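Here chain A shows up in two complexes: once beside chain B, once beside chain C.
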Partner chain A sequence: MKTIKEINEKIKKGEVVVVTAEEVIDLVQKKGAKKAAQEVDVVTCGTFGPMCSSGAYFNIGHSKPRIKVGGGGCKLNDVPCYTGFGAVDIYLGATALPDDDPRNKVYPGEFKYGGGHVIQELVSGEDVRLEATAYGTDCYPRRKIETLINIKDMNEAVLFNIRNCYQNYNVAVNLSDKPIYTYMGMLKPNLGNANYCSAGQLSPLLKDPYYRTFGIGTKIFLGGGVGYIAWHGTQHNPSVLRKDNGIPQVPAGTLAVIGDLKQMNKSWLVGTSMLGYGSTLIVGIGLPIPVLDEEVLNYAAVPDKGIYAQVVDYSVSYPNCLPGSLGEVSYDELKSGKIIVQGKEVLTGNLSSYSKAREICEELKDWIKKGNFLLSEPVSPLPQADSGYGFKMLKERPALKKEE
Partner chain B sequence: MVSKRIVLHFPHRLVNQPIVYKLVKEYDLQFNILKAFVTPEEEGLMVLELIGKRDNFDKGIEYLKGCGVRMQPLSQDVVRNEVKCTNCGVCVPICPTEALTVDKQTRKVKFDNKKCIACELCVKICPPRAMEVHF
Partner chain C sequence: MKERVEKALEKVRPMLQADGGNVELVEVTADGIVKVRLKGSCGCCPMSSMTLKMGIERIIKEDVPEIKEVIAI
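Moving on to the complex of A and B:
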């Protein structure tokens, strides 16, 4: 048994033993969980995939004379931001698109530039063009502003992603006879390919499936810098079917994360275009799992062949919310490059970069070993698997106007 | 026998000429057209796999050059931007010729441009748009 405090003491003394989520698998197989749990203090996990519910808020500073962007309009490189805050606070979402982007009018739309791309440019230190309009007040008389702006000149630039780091995800296929363009990539007709999106045995929430070692306030690797778990993510759904090893068989837990964008890095926040779907942001996240006891280590050591995902049809089932899986496959099978669906051999593609996730595990390991990253005690746990907390569908009701 | 994938650029004045026919008739070369179109600059562009005996092949190439056809090997035209590529691998099942594969050890995506036929399917489906075409 170890505490986070004891592990931090070891980090400070330079005596900490850190292994990656990949290394821990072999280690536990060789030495057994009991012995390995005594030796290892921290297991580092990582993931690097497109995460649409990402974005950043900015305080752009006050101009002379003042302008009340709040309640007005604001664009960064033509991409609209949300302005419903105080005078010069704005939020830019990863999937926001310029007003003149043709979307899917020319199908499938290319979505070459959106909020995710602006975030990456800002992180790269590039100037972006800010354009804002306001209605003008006595205290904020200005109606219009157009200026270049740089992240280093802003008061705050904070990445705040309301849903990241999905604990497991579907494997998407297309049973129809036409190609379809989804957030899971282009799916060729008649089971032409199967796309998945997880780092599997490296992915943070798959390595501590009951969220025992982290919660609100946990310090993480976020976009190449330091971030924190702010809350459970939207659509957090812990009470799902799980295998005997505790790992959810379907998409389950999620995280809301936050961190100072100014100390992040363009290698770990990548603007992305999903053909026929939209623009988004690839986010790199790393989680340190403190090895509090043997049980924590046992969960962290589950390999790809013990982690399963559902094969889901994205031509009819997914869009119409029809339940039903076409089968269950392990990440070991997915990584082999082909799976069998309805008796047919189907080639697999991953949207989430395993090699980048591996780099995140290594980088976080390095930070901890060098004493640059201490672990933090969670302030409060996330809704747990037995909490009854879950995900609801929208119940539509007639939306009558009051006078009717 | 020689088999090569080449990109041919036909100047405006040659667009209406039966050049490929001559390659078959005079030099006994087999061909497989992988791509053909006329660019906005009114230049004809053809990606061709050309197969034949060494001396015939060389003579055929000389013939093309004599006509004023510019050419280069196909492998120079589809390029991966190594900075942009995140090595996710979503392109791998889309590639019809296995020019894109995942290395089992490093889990990085390998691009073998010798196998590439410039179908360009990977170009638009690449999330960070790392595959570039330079015809």
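Moving on to the complex of A and C:
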């Protein structure tokens, strides 16, 4: 048994032993979990994929005379921000689009520029154009402002992603006879391809499937800088079916994460256009798993062949919330480039970059080994698999207005 | 111009190869259109349109400003 405090002491002394989630697999196979757990202190995990529920809040500073953007309108490079806060606080979501974007009126829709792209430009240090309108008050008389603004001029620029890092995800296919455009990419008709989105054996929540070593307050690699787990993510769904190795068979846990955007970098926050779907942000996240005991290491060492995902039809089943899986495949099979669905060989593609996830594991390992990144004790656990906490569908009810 | 485009593609290749993909230069037209073939895992990659526009096209345009567009065939 080791504690996070003891591991931090080893980090400070330069004696810590860190391996990546990939390296740990071979190590445990060679030495066994018991011996490896005595030797290894930290396992680094990583993921780099599109995560739509991402965004950033900014305090843009007060102009002379003052303007109350709160309750008014605000755009960064023509992309609308949410302004329902105090005078000069705004939030920009990754999927926000300029008002004049044609969406998918021109089929299938290109969504060339949105909130995710603005976030990437800001983090790159580029100036962006701020336009705001207000209704004007006695204390905030100004009604309009147009200016260039840079992230370094802002008081706060904070990445705050309310759902990232999904623990497992569907493999998307199309059973219909026409192409469809989804958040899982373009799906060719009649099982023409299968898209998945996970780093599999490197993915943080698959490596500690019962969220034992992390929770609220855990320090992480976020967008190339340091961030924290703020809460469980939206749609966190820990009470799902799991394999004997603890790994959920369907999408399960999620994280809400937060960090200072000013110290992140553009290599790990990439604005992206999903053809026929919308704009989004690709986010790089890394999680250090402290090897507290043999059990922690056993979970961290589960390879792709022990991690399974469900194949789901996105032409009818997914849009209509119809339950049912077309089969279960391992990440080992997915990474081979083809799987068998309904007797047919189907080519696979990953929306998430395994090689970039591996780079994140290496980068975080380097930070820890150099003593630049101490592990943090979670302040509180996330809702656990036996908590009864789960994901609910929306129950629609008649929304009649009250008579006056 | 074709040689300069090929040289620019050399910069992109390691990134594509890291994820099991590759790119082949097919043609550079007189009006500045580059035609490429995405290979390996890029051929069925859901992110290939992004790779093409934000990766391949951006880098080629930086190095060969006469290029107007890169398209996959």
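The definition used in the following text is that the second predicted complex is superposed on the first by the 403 of 404 C-alpha atoms of A that agree within 3 Å, B and C clash if a C-alpha of one lies under 4 Å from a C-alpha of the other, contacts with A are read in each partner's own complex, and residues count from 1 in each chain.
We adopt the following convention: contacts are C-beta pairs under 8 Å (C-beta built on N, C-alpha and C of every residue); 3 or more make two chains touch, one makes a residue touch a chain.
Just so it is clear, the structure is predicted and the values come from calculations on it, not from any experiment.
In the three-chain model built by superposing on chain A, chain B clashes with chain C. In the superposed pair of complexes, A:48 makes contact with chain B only, with no contact to chain C. When both complexes are overlaid on chain A, the residue A:186 reaches chain B and chain C alike.
Shared-chain residue A:273: touches chain B and chain C both. When the two structures are aligned on the shared chain, A:203 is found in touch with neither chain B nor chain C. In the superposition on chain A, the chain among chain B and chain C reaching more residues of chain A is B.
Using the contact criterion defined above for the overlaid structures, shared-chain residue A:170 touches neither chain B nor chain C, since it reaches no partner. After overlaying the two complexes on the shared chain, residue contacts for A:349 are found with chain B and with chain C alike. Residues common to the contacts of chain A with chain B and with chain C across the two structures: 185-186, 193, 195, 270, 272-273, 275, 337, 347-351, 353-356.
Every residue of chain B that touches chain A in the complex is listed here, in rising order: 86-94, 102, 106-108, 124-125, 127-129.
Looking at the complex, you find that chain A touches chain B at residues 48-50, 108, 110, 112, 185-186, 188, 192-195, 270-275, 282, 335, 337, 346-356, 358.
Touching chain C in their complex are the following residues of chain A: 184-186, 193, 195, 270, 272-273, 275, 337, 347-351, 353-356. Every residue of chain C that touches chain A in the complex is listed here, in rising order: 18-20, 41, 43-50, 53-54.
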